[in-house]
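Consider the two complexes below, in which subunit A is the common component and subunit B and subunit C are the respective partners.
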Partner chain A sequence: MAERRALGLLLVLPLLWIGGLLAVPQIRMLELSFRRKLPLLQVGGPEDVYTVENYLRFAENPLYWKVFLKTVASAVLITFVAFLIAFPIAYFLAKVARGTWGTRLFLAIVVPFWVNEIVRTFAWLLILSEQGVLNQVLVAVGLLRAPGSYLYTEGAVILGMAYAYMLFMLFPLYASLENLDFSLVEAAQDLGAGWVRVLRHIILPHCVPGAVAGSIMVFMLAVGTYVVPAMLGGKGAIWFVQLIYSRFYDALNWNLGSAFAFSLLVLSLAFVGALLRMFRLSVGRVLQS
Partner chain B sequence: MSGAQRVARVAYHTYVALFLLYLYVPLAVVMTLAFNANPLPAFPWQGFTLAWFREIAADPFLLRAIWNSLVVGVGVSVLSVTVGTVTAFVLVRYQFPGKGLLYALALSPLIMPGVILGISMLVFFSEIGLEMGLATTVLGQSSFIISFVLLIVSARLQKFDRSLEEAAQDLGATPFQAIWRVTLPALRPALVASSVVAFLLSFDNFNTTLFLIGNEATLPIHIYSAVRLGLSPKINAISVVFIIVTVGLGVAYEVIRRREDAPAA
Partner chain C sequence: MADFDVEVREVTKTYGAMTAVRDVTLRVARGEFFSILGPSGCGKTTILRMVAGFLEPTAGEILIGGQSMHGVPPHRRPTSLVFQHLALFPLMTVYDNIAFGLRMRKAPEAEIRRRVAEKLELINLPGYEAKFPHQLSGGEKQRVAIARSLVIEPTVLLLDEPLGALDLKLREHMKAELKAIQHRVRTTFIYITHDQGEALAMSDHVAVMSRGRLQQVGAPPEIYEAPQTAFVAHFVGENNAFPGRLVGREGTHAVVETAEGSFRIRNPLGLSLGTTGLCFVRPEKLSVGDGGAVEGRAPNQIAGTVQELYYEGIIVKARVALPSGRELQVAIPTVAGAVVPAVGQPTAFRFDPDEAYVLPEEDGGHGRA
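Right, the complex of A and B next:
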């Protein structure tokens, strides 16, 4: 009985958190997305009915859904590139670099991880701008006669994101590779397996939970970023979160903005779900890595 | 070692070296240009100066943003560690109907884009008449930072030997005293680590904050608006300060975590 009362008391804070900061806000957002934007006096009046208008507008306007698709496709691309680049580094860190030297290398890679996304993006702004470092180097070396412009393109945004989120792929991969029993690799090699087969049948399967955890992180960050496209893409490359933001602060159409936001949420959860199903993993298993 | 193996080895090491360059060159550019006398954040080098750092000290809006970030960070840290620890106790120690659902919901923010959290709370908080500002930002950031605390603390709590608590109670401690005097001290490394992580995640946060900060600004929000207004080496100087704070805390966290991973005494 005392146990029950203690539980009841302890549950107050978690329920306030989950109810007040997660569940109720998202239900309110969902509800708003199914209502019309109306002048204040008509809110709650006969015009204020549930409707899928906002979602229809999203589906009908190519300006909206093209940006949405581009954002998703680019996020997938960035996730994949991050895996390709980070995997050899994670393996090196986990299995090749040893002792104090390994610790130092780990520290050298972890330090930039703590640098803010905005600062990292700002760095690329300084590199890619017209008076930027890249142009100066290219002109100085003689590869370029006149400085070119790289900013405000999709390419700049993708480059900036891959840079900003790379380490979110690297560390989960490293964690799952670290507990790989190396004698398995040696045994396979003794039995005559080449490195391609070792990689395919032993190392890659072993790092799946880490790769999935890293992919979830990178995809979420890439699909949900405002700063990187705003700084490197400008007006030349609009991304989905900017569309949402401008519904809220420029167009002042919170209903449409909520519909956009909810679509993004569904997409993100679908991505996570698909990844977990594909590799037959549970969220709990992935979070451990 | 055969010739081919040696070539592969050299290639692999070169790749790692290039990766380190890729990580560090952009940061080195930002930091170097903070000390360049050139009024544009660009080369050529026009001599060493600390003028841009002096400009930080003279900018009341920036100082206010830094102050706001500290206040929000401490608020988030206290709130998240409290709620996260209580939730960890509930989930590790009790069996009750709906526990699986509670667990799933408690970890759900980790697989959601931060902007969604920010937008949904903007909608809800406006409905109930809260004005956006530092308080709403603390609540908003905590919504997902609590999940991180929960992970860190529950991992430690699972390892804790409960018979120690029972022994304390056998010796006459009330259940509350036993937790306060025995369990919490044993959890201290996890509590310290999660306070640091909570502060860092808060100090770094942009996506959730963007929708909840109202007319105020935190440091990341301020830097973003400053970049939009025009490039200046002052932004580089702010970045240097930002890097020092977050990297310092990040490394501190890493040290605590490594000590924590070592077998507990």
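Right, the complex of A and C next:
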């Protein structure tokens, strides 16, 4: 009995945390999104009713849609790039690097992520700017005659974000590859599969749960980020979250802002659902990996 | 055409300072069941992996069907390996597992269907196409793994202790099954095991290895009845060993003086007078002669006190303490007329001069080239 009570007490704190700091504010935002923005005097008056007006404004304006679709498309691309970068690294760490070299490499990859995201993004500014490392190298090697400009483009944003969230792809992939029995690879080779076909028929199918788990994380983070596009994207590449930000801070329209935010949430969840469906995976299976 | 499907010629494999396989030469004839027997770490798996192409020999050459396999990757070799833990593809059905090798060879789908069905028939699992490996029992997995390897019609099927993970009863059953499958397909099998029972029961020829060296190659009765080295005599079956000195030679036989008495036994390697060696007498070659009375120092007699009797059904095992402090193991068949000694009784055990032999002691110089 006493044990159960102790367990109950132990549960109170996390429940308070989740309820008070996560659920309640979110519900409040959801409620806001179904209300009109009214002058203070009219709040609680006859005009203050629940409505879907805010959502309709989002649905009716092609500009918002365009930004939204571009954000989703970019997030998909970022997820894909993150996979392309993380997969060889994860494979190398899990199956090739042994002992101290594996640990060193792991540290080399993880340590930069101890640094704040903004600082890390600044590092990309240093690399990509006109007097940056990339240009200096390319000019020195003779590949370029004059330094190019890469900053404030779609490409810079995608590269920056793929790097920023690469670890979220790396870890689940590493976990999947780690428990891949290497004799399966050998068995496939033995039966006549070269490297490409071993990759296609054995290694990649084995990694699907890890890759989907990583993709969900990277995609959700990429869709919802503000820092990287704001720093590397400049004026040209507007991210949907920047629209939400401006509704809250520039237009001071919390109602519309939260309607945008929830639209984004619902649509990206739908995307994740579609992804799981495509690979016939359950949420539980993905969480395990 | 080569007479041998597989030839391992003076193959050595070293890892840094460690020598896993030292100067091994083997020839495996077409269609035979060939076993490589040895304790773990003796280099048998290394040889198998070199034949399969997962490892390259440091020195020497491997030929399959008369062709040098130097630099040929596993997927281009006419071999197929049944892995120790089977390595069935967990995400594929039984059908897809077996079809894998054929798909890699781009066989037409109709042919794949036919050949997979044929192999499922062979392993006695028709109707299992849609099952996944995790739905199969140990023995079924085993058979699917064999079918998956056989379907590509390899010149040689390599088996890396595939029965190791099975329980005793199933292992006995699979032994018979494996032999039957080999009989039907007539493919050359190279079978790796540390279990001498498996090797003796299934093989046409057995190669015994120890510490990277080949000890002896022969048919199972040769390996068992006429070991060429003390290691083989110890490792295959049970054996009693007594150190002694050669004091006489009589043709194929020698007289050896040991602490237990003077033995007139076979001298298969022709050891010369004055050398020391080990005399081997298997437990089942000993019998209680003439009521077991101890007669002075008669030849080919070992006398001691029975310490313990173990009734094992087929035989009764006796543990006998000898005056020299050694122990003697005796196996007495449980048939009518066989004399079983009493515990605590001084008893003499006799053996036939042709059923015991003297071999040089293990040189211990395994580091020698």
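Going forward, the second predicted complex is superposed on the first by the 252 of 289 C-alpha atoms of A that agree within 3 Å, B and C clash if a C-alpha of one lies under 4 Å from a C-alpha of the other, contacts with A are read in each partner's own complex, and residues count from 1 in each chain.
One rule holds in what follows: contacts are C-beta pairs under 8 Å (C-beta built on N, C-alpha and C of every residue); 3 or more make two chains touch, one makes a residue touch a chain.
These numbers come from a predicted model, not from an experiment.
J.: State whether A:60 touches subunit B only (first), subunit C only (second), both chains, or neither.
T.: Neither partner.
J.: Comparing subunit B against subunit C, which has contacts with more of the residues in subunit A?
T.: Between subunit B and subunit C, B touches the greater number of residues in subunit A.
J.: Which partner does A:181 reach: the first (subunit B), the second (subunit C), both, or neither?
T.: After superposition on chain A, A:181 lies in contact with subunit C alone.
J.: After the superposition on A, what does A:197 contact: first (subunit B), second (subunit C), both or neither?
T.: second
J.: In the superposed arrangement, does A:206 touch subunit B (first), subunit C (second), both or neither?
T.: A:206 contacts subunit C only, not subunit B.
J.: For A:250, using the defined touch cut-off, is the partner it touches subunit B, subunit C, both, or neither? Pick first, second, both or neither.
T.: Neither partner.
J.: Per the contact definition, I'd like the list of subunit B residues that touch subunit A in the complex.
T.: 12, 15-16, 19-20, 22-24, 26-27, 29-30, 33, 40-43, 82-83, 86-87, 89-90, 94, 96, 102, 104-117, 119-125, 127, 139-140, 142-143, 146, 151, 175, 200, 204, 206-207, 210-211, 220, 223-224, 227-228, 231, 235-236, 239, 242-243, 246-247, 249-251, 254
J.: Residues of subunit A touching subunit C in their complex?
T.: Of all residues in subunit A, those touching subunit C are 181, 183-184, 186-194, 197, 201-202, 205-206.
J.: What residues on subunit C touch subunit A, complex-wise?
T.: For subunit C paired with subunit A, touching residues are 52-54, 73-75, 79-81, 83-85, 87-91, 100-101, 104-105, 148-149, 152.
J.: Okay, in this complex, where on subunit A does subunit B touch?
T.: 2-3, 6-7, 10-11, 13-14, 16-18, 21-26, 28-29, 32, 85, 88-89, 92, 96, 105, 107-120, 122-127, 129, 131-133, 136, 163, 166, 216, 220-221, 223-227, 230-231, 241, 244-245, 248, 254, 257-258, 261, 264-265, 268-269, 272, 283, 287
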